[in-house]
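Below is a structure I'd like to ask you about.
Note that the chains are named A, B and C in the order they appear, and that numbering of residues resets to 1 at the start of each chain.
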Amino acid sequence: MRYLPKSPAERALMLSAIGAGSIDELFAPIPAQFRLNRDLAIPPQMAESEIVDWFRARAAENATGYDILLGAGAYHHYRPLVIDALISRGEWFTAYTPYQPEIAQGTLQAIFEFQTMICELTGMEVANASMYDGSTGAAEAVMMAMRITGRHSAILARSVHPEYREVIATYAKYQGLPLTEAAFTANGRVDLAALDAAITPETACVLIQSPNFFGTIEDVAAVADVVHAKGALLVVSIAEALSLGIVRPPTEADIVSLEAQSFGVPLSYGGPYAGVIATREKFVRQIPGRLAGQTTDRNGKRGFVLTLSTREQHIRREKATSNICTNQALIALMVNIYMDVYGRLGIRELAEQNLAKAAYARKTFGTKAKILFDGAPRFNEFVLQTSQDAYEISHRLASKNKIIGGFPLRKFYPELGNAAVWCATELTSRAAIDVAASEVSA
Amino acid sequence: MAYPPEFKYTKEHEWLAVENTTGTIGITDHAQSSLGDIVFVELPKVGTELTAGKTFGTVESVKAVSDLFAPVSGTVIAINEELATSPEKVNTAPHAAWMVKITLSNPAEIGALLSVADYEKFIAEEQ
Amino acid sequence: MSDKNIRKVTTHISQNEGLIFEHSSPGKKAYRLRSLDVPEVDATAELGDALRTESAALPEVSEIEIIRHFTRLSTWNYAIDHGMYPLGSCTMKYNPRVNEVVARLDGIAGAHPYQPEQNSQGALRIMKALADQLIEITGMDAITLQPAAGAHGELTGILLMRAYLESQGNPRKKVLIPDSAHGTNPATAAMVGYQVENLRSDNRGMVDLAALEAQMNEDVAGLMLTNPNTLGIFDDQIACIAKILHRKGGLLYMDGANMNALVAKARPGDFGVDMMHLNLHKTFSTPHGGGGPGCGPVACKKELEPFLPKPIVVETTDGTLRLDYDRPQSIGRVRAFFGNFGMHVRALAYIMANGPDGLRQTTEDAVLNANYLRKKLEGTFDLPYSTPTMHEVVFSDKLQSKLGIKTGDIAKRLIDYGFHPYTVSFPLVVSGALMIEPTESEPLEELDLFVDAMKSIAQEAIDTPELVKNAPHSTRLSRLDETAAARKPILRWKAGTK
């Protein structure tokens, strides 16, 4: 088999060096009744070209080359080509976790740069080396707030991504953490009065998302005032990282949980993505996940190491801040490169383009159907309410026009009826918006 | 390093200095030397009730975390704030770098602790 | 010492490269956007108070500087493409290139997770094929591909355990975990609200059956077992272990980190395991990427199937695939979307490239390689357990520590010989452990070089111990101050600092 660098002669040599008569002897520790004496019932070995053909056929069964007017937590942005050119180097993608810093300075320095840029974007003082994704990051941020405050319940805004809330519910269930929901108002933002009434002395944190699932930007400062007045922490989840190019960062938050997928990470049917947790320095020992820190070596040269490891599972075991081991290093590297390509000015310019596209889309769709939540600012997503069923519109756009339309909201927000959340990014052409809008009036 | 004869000791390598009803607690030279470079000390808040034999905080080196066990019961009246910025003092002067001061709630518990001679014998046997 | 004769790729020692911010200068750019085909908008008018007034201080550099920066940094990394990582239980095997190509195909890399199911049949078919094949490989009945990593899979597995037991009337209070277990195991159990109780190993390095029998009662939800364990030892009492648990209504969870010793040779489902996670980034060749992403599918027996995270990919009567969300007993989601799909693609490509015979040969070579190293190094290093081992072996530094040399020192000296260190000081049951797993990807030549290097270091420990104690000597940086990094953490760059 072509991945195995052994000849039959070498195997024989090795067996004889070991003093074993056959390879079977080395499997003798497995009781005979459990040793397989048949082939696994999986397809036979395939040639490399056959494998590529098989996956090409699968790729063709997926929408390819469609216009994508869909966000809802996964955003279609342009991926600069240097990203794959660089991360395809074996030294990046076949490297291990940087536990041996002398031979992993590449990975460690890249993580340190990543942490720095996330701080700059989010307005927080410290950021980790990434969590699995935005949904688990949000769950971990809520757990973190619980540890910091010693309080055992949390309030989640209903305008937070529904699947994020489902994940938090799963994590919370067995940690004895009751969760309550905070409603949204007619302008799409969290209901401050209802929130205020819901916070109790047992509330560890309030979680909001901004821009939220409807694309609406929350009034983070106002929410923070309400939350902090009652001694709870504010956790802000951000699913569309590019919004930070033009939207003010949530500096009043205590913990920010970011999904970095927008920054050069392929959509890839939902993963791998990269979450990040960023927070204030005073909470650093409660942060889950890996952290890269600067130090010097014995000759005084600057270098980087994984640090504050005593928070983690391999040392603290059952008392760890989390069980997380893996981070999303290679994805964080993509994000790092993306942020370098666009840089300080490019991220803003790109965000401005997204704003312009979404504004045009709202205006165009708005002539055909009702745009909801007009009373508050939005970034690149908005909610459209139609007379026709949103799933039918979606289906038609895909089959007839090769357009992936908005995310139907009925399943999670039945009170909104035939509504869907649509997205327009720098990759959404005016033509695609015009075509999509022409279909919704039908 | 010599072990102060006026201190009492535990098998978990804590020391206790008593003055009237106030107890001062730290970790021994043996403890700091096995832990290596100490990077962080996690202490309870003033007012916390300590119970003899139960953990009251942790001390961290780069690669390990060790629990701190209360030698006797009492209420925390002071914590050594210096250790927050200079945890290395526990390494360089373990018998001076106190961690918490408590008001003893049950002075009779002192009787169960080790004298300096017993402690030195204990650590010699542990090797 | 004959390092002059050892010609191996090492990390670059003279390449210097600062932080990307140190290359930044206002006005440099590496991008050019297309012109807008829609009217511009006034951001202030659009956003009002929500407008960002100060841009984030991201670097301003050109494209060539980015290419050079990350190329130079990459030369500081050791990687599988250079040579062996003998890290125990990490299974650092070759990351096949076909995996990378198929993962990047347009319809696969560009698929939005929420695009209509009718337009996602390819993605669903990939997930179904992987699911079915992993079920066959593990000998289980059902599987979820949703968990993002091994620890995430463990969490899912223990959540399944708890959900199942709750449905039986009593979730119970404790989980038993062997003293040789990876730290994620107890951390996971705690996250699911279980107390952790340690289970002793016996002097053969296996589960102490008498202890298990004594500790197993109706308060114990189950046992988290790695088999082979972190000593590389296959616990041949496994049928008995399963029986002891099942008799009292408990479940057997297997940490699948060491599946590289079992694939195509034995199946956990056959020897009594109720649920287990797999590490696609270990056994199934998906790349480590410097620390992730991983992927940790969880396979289970049919009693546990109703509790799996939703959705599950199911086949309809007309042969199309759909996502089934109608699962009332599901523990819910452990992640948004469907899991690390990009890793599903890569793992499936790996299984396809191997087929049943390739997988079997792979496992055999993995065990052969580890046993070869064991044979060649025993005598030079202390072997704490004489029990046969499979795909990995654990030595101790007992002989060398008498000379003042510890496992960490030997590991650092190994770097000078062009190898990444083995796993140091783990598992905790062995004092001064050297945990070695070569994987099947190592040619005999690399194994012999490793043996020579280790023997040479053992000799140095006697003749020139300072050389070992102060290693590595051949890297650009040496012995970074981890104490300072932890006492005064510097976790980001700030303008005006060095």
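As a working rule, a contact is a pair of C-beta atoms (placed from the backbone, for glycine too) under 8 Å apart; a residue touches a chain by one contact, two chains touch by 3 or more.
Remember, predicted model here, so these are calculated numbers, not experimental data.
Peer 1: Taking each chain's centre as the mean of its C-alpha atoms, which one ends up farthest from the centre of subunit A?
Peer 2: Of all chains, B has its centre farthest from that of subunit A.
Peer 1: Give the identifier of the chain nearest to the protein's overall CA centre, each chain being represented by its own CA mean.
Peer 2: C
Peer 1: Where the centres are mean C-alpha positions, what is the separation of subunit A from subunit C, in Å?
Peer 2: Centre separation, subunit A to subunit C: 20 Å.
Peer 1: In whole angstrom, what separates the CA-based centres of subunit A and subunit B?
Peer 2: Distance between chain centres: 44 Å.
Peer 1: Quick check: how many Å separate the C-alpha centres of subunit B and subunit C?
Peer 2: 38
Peer 1: Check each residue of subunit A and list the ones that touch at least two other chains.
Peer 2: Within subunit A, the residues that touch at least two other chains are 309-310, 315-316, 319.
Peer 1: If you look at subunit B, which of its residues touch at least two other chains?
Peer 2: In subunit B, the residues touching two or more other chains are 39-40, 60-63.
Peer 1: Going by the touch rule set out above, which residues of subunit C reach two or more other chains?
Peer 2: If we look for residues of subunit C contacting two or more partner chains, we find 482, 486.
Peer 1: Provide the residue numbers of subunit B that touch subunit A in the complex, in ascending order.
Peer 2: Going by the criterion above, the answer is residues 39-40, 60-65.
Peer 1: What does subunit A use to touch subunit B in their complex?
Peer 2: 285, 309-310, 315-316, 319
Peer 1: Which subunit C residues qualify as touching subunit B in the complex?
Peer 2: 425, 482-483, 486-487
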